[in-house]
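Provided herewith is a single structure, encoded as structure tokens, for subsequent inquiry.
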């Protein structure tokens, strides 16, 4: 009998919900229904996977009230099985801890204030006047610019760069290769040459933000670029200067947001979508993957603009007609007029 | 009375233009019309923002001859207010200086030639035979490959990588995470396996080029990849092997240029655009954001190819018809023939 | 007479094919037909470049049986001139070697196993329990997470990050800025806030994989993200959590693959294409550049979905009609009915 892990009864005591079946059942890890082994707990968040309940080797499962009777195996019935799974997994899989202290190879600038409760890894550089809060982990090779401020309980994975004067909140996670505060793309044409416009704003990142690997967030030209609390950015995203991303908005990988766009709260932006500069996007807007948003969106809803893909020869035939669409519209109009004339004659 | 900053009279003595109103007015910083405070100078580059002149708290404003009388506040009248603003801002906001010298944690290869006037930051690595010119700042954690050459008065922000043998000009700026000279994507299929084609060309970057954060420029397969002088590349751009980017061309974020494409001078490529391999793009071409350029562009002009986005249900109805466009064209043609037949019968 | 390099006779003895003309001809480098100089060997892989044979200054050329008589210059006739060129170039341009050993500035965690035959560059960090195999080169500034495993004869260019527990095979190449194993984008909405879902899977990368600069491959949420042997990934690609990329599939720059997508073997994905989450793509599928794949592809073939670009004014006229496409289809149907009615009346 597996004595590691936690009993279902202990889990519901901590996270709520109720147990059906044997509350003494022990689980030590989360897994998907089809990959779970004994000692693991799976979850059902979509009724269409119900039939996987029969074959799963999991010792228990988390499911909703509606699915509560879909199996007789030991189970936790929860209002929101997906967030229950998230909480339980975070409990079973705590982040690796790094001991407070500054690695001897790190270079700390004059006047920098590093909390004794912070971990500063090998080959980190912290510029003059910068600060790092308690409980924060700055992993190997990060670079924190002069006078930048990193809050508490934040984690910067290896090789994150924060430029001078930028502000990163508490409980923020930034993954490797993220660059926060590089110059925005500000240039002015002057007699055949581009002049650089100094980018003197900052990036200000709220609490509980997550920033994906190799994502870039540019500093503002004059005012700041703002990422509000709870925003979640996936990898390879580009946020240009003076953008504002409203609280709790989530963007999937490879999104590009051009300068001075303002995105509302609780938006969901699909992978590879592009939002042009100076646009406004309302709250609770969902943009489909690959969509190019070319004008402001004033109302909540789902917006899409991708060309339906298909087998190349089919696409080629249809796409060729696209170049004649305006002409086709004219021809239809003319046909309608001719029909009317013909009908009139009878 | 604010005694810091510069009098308008001093500014026009240095940068040209003329003062209207009190030339003794002092300003110490640039700001936008709507965010400026006392002691700051704003600028008006577009007549549609004229009404912001009334409410601004700026001490002065830069504007064009055409707008010279739109306000009575102290002002500088300039031929090109935007480039005037760029110059003045660069004067008021000089780049942070870094003292010449090599940080003790930097590793310098045999035979590398580092100017005594260059700054080499912490944890930098400079390969054998590489060179760094006077006035250049190589910030923390950069890696300069063997025999690479970095010119004078160039600035590499933290964690830039330049591969072996590449050439970076003078007055170049490269932001964090930029990778210059990684292998181009050269592979040959051989009996079910890809063979790697050695990439033995270089990247050669001209003077006054700026390269954004996490932008990548691949070395040539046999010949070089060329970025001509004055090119401005935003973040997250991918320039493939053997591309040539003509002088003073500007590309916004997330652009991808495939192998051996040749882009003319003074082009402007919108964010997320893709230019396919081996294409030619003429001078002074503007490509709209999100456009996929699938054949060469021989004439200056603006080119676009994005699917108009819309509310998802509307898009869905219209997009469904796209698969029938070729058939629709046939039906219109048939209708036209039938109409002609009917008309002929009368 | 050039005494460096290799005689054509020596080359065919090593790589096969046959010499026509003087087998004593010496070549020391590969070049394109139009850029080659004396002492260099060029190659003809496409009959449409045949006329370049007349003007080339190359000392020899590699060509196919079909083109064997297109020139009388010294030449190697090979079944597949392109792969022959790849092999010969790899022979003439061996990768720079780095001596085994650990740079004194590198930081090696407790229990890490680094082969004495591995090269560990300056400012590298290797976490506790990680391993690096013989013949592997870990260049400056790389970060290898705790318990990660790097195989033999693998090369990590400067500033590659491998997160904890990930597995990288043998003969793998990863270019600068690549991030392997960052957290996938797993979040669950819970009472107005996103909860983070721990990403406890790994990334597992097979042998002979190449990963481009600034490409990111996320670790799995519960199960692993899998990159099978021989996969070639260009720069700036995003591979989300739990994706499987089948053996020998090649992806060009800026591709995004969303979570849990499964790509078959020997696929070719064009630059900037997007593949949505949970989709299946069969073997031998080619996806055109810039295509958004929104549903599973069950059969081999070429698939495309880009909007044909054009001069902006033309595009604008045609694109405007796109919003009326559904209505146009209705109007055509109505016209057809009216025509039938009119024809019936006669």
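As written, the chains take the letters A, B and C, and residue 1 is the first residue of each chain.
Just so it is clear, a residue touches a chain if its C-beta (ideal position, glycine included) is under 8 Å from a C-beta of that chain, and two chains touch if they have at least 3 such contacts.
The shown structure was predicted, so the numbers you read here are calculated from the model rather than taken from an experiment.
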Practice problem: Could you tell me which chains are in contact with chain A and with chain B alike? | Solution: C
Quiz item: Since chain B and chain C are copies that touch, is their contact same (over half of the numbers shared) or different (under half)?
Solution: different
Quiz item: How many angstrom between the C-alpha centroids of chain C and chain B?
Solution: 25
Quiz prompt | Residues of chain A whose C-beta touches two or more other chains | solution = 105, 123, 141, 159, 177, 214, 236, 254, 272, 306-308, 310, 319-320, 322, 324-325, 328, 332, 335, 339, 342
Self-check item: Touch list for chain C against partner chain B, complex
Solution: 29-32, 35, 80, 82-83, 85-87, 89-90, 92-93, 96, 103, 105, 121-123, 139-141, 157-159, 173, 175-177, 208, 210, 212-214, 230, 232, 234-236, 248, 250, 252-254, 271-272, 289-290, 306-312, 315-316, 319-320, 322-326, 328-329, 332, 335-336, 339, 342-343, 346
Quiz item: Where on chain A is chain B touching in the complex?
Solution: 105, 107, 123, 125, 141, 143, 145-146, 159, 161, 163-164, 177, 179, 182-183, 185-190, 192-198, 200, 214, 216, 218, 222-223, 236, 238, 240, 254, 256, 258, 272, 274, 276, 287-288, 291-294, 301-308, 310, 314, 317-322, 324-325, 328, 331-332, 335, 338-339, 342, 345
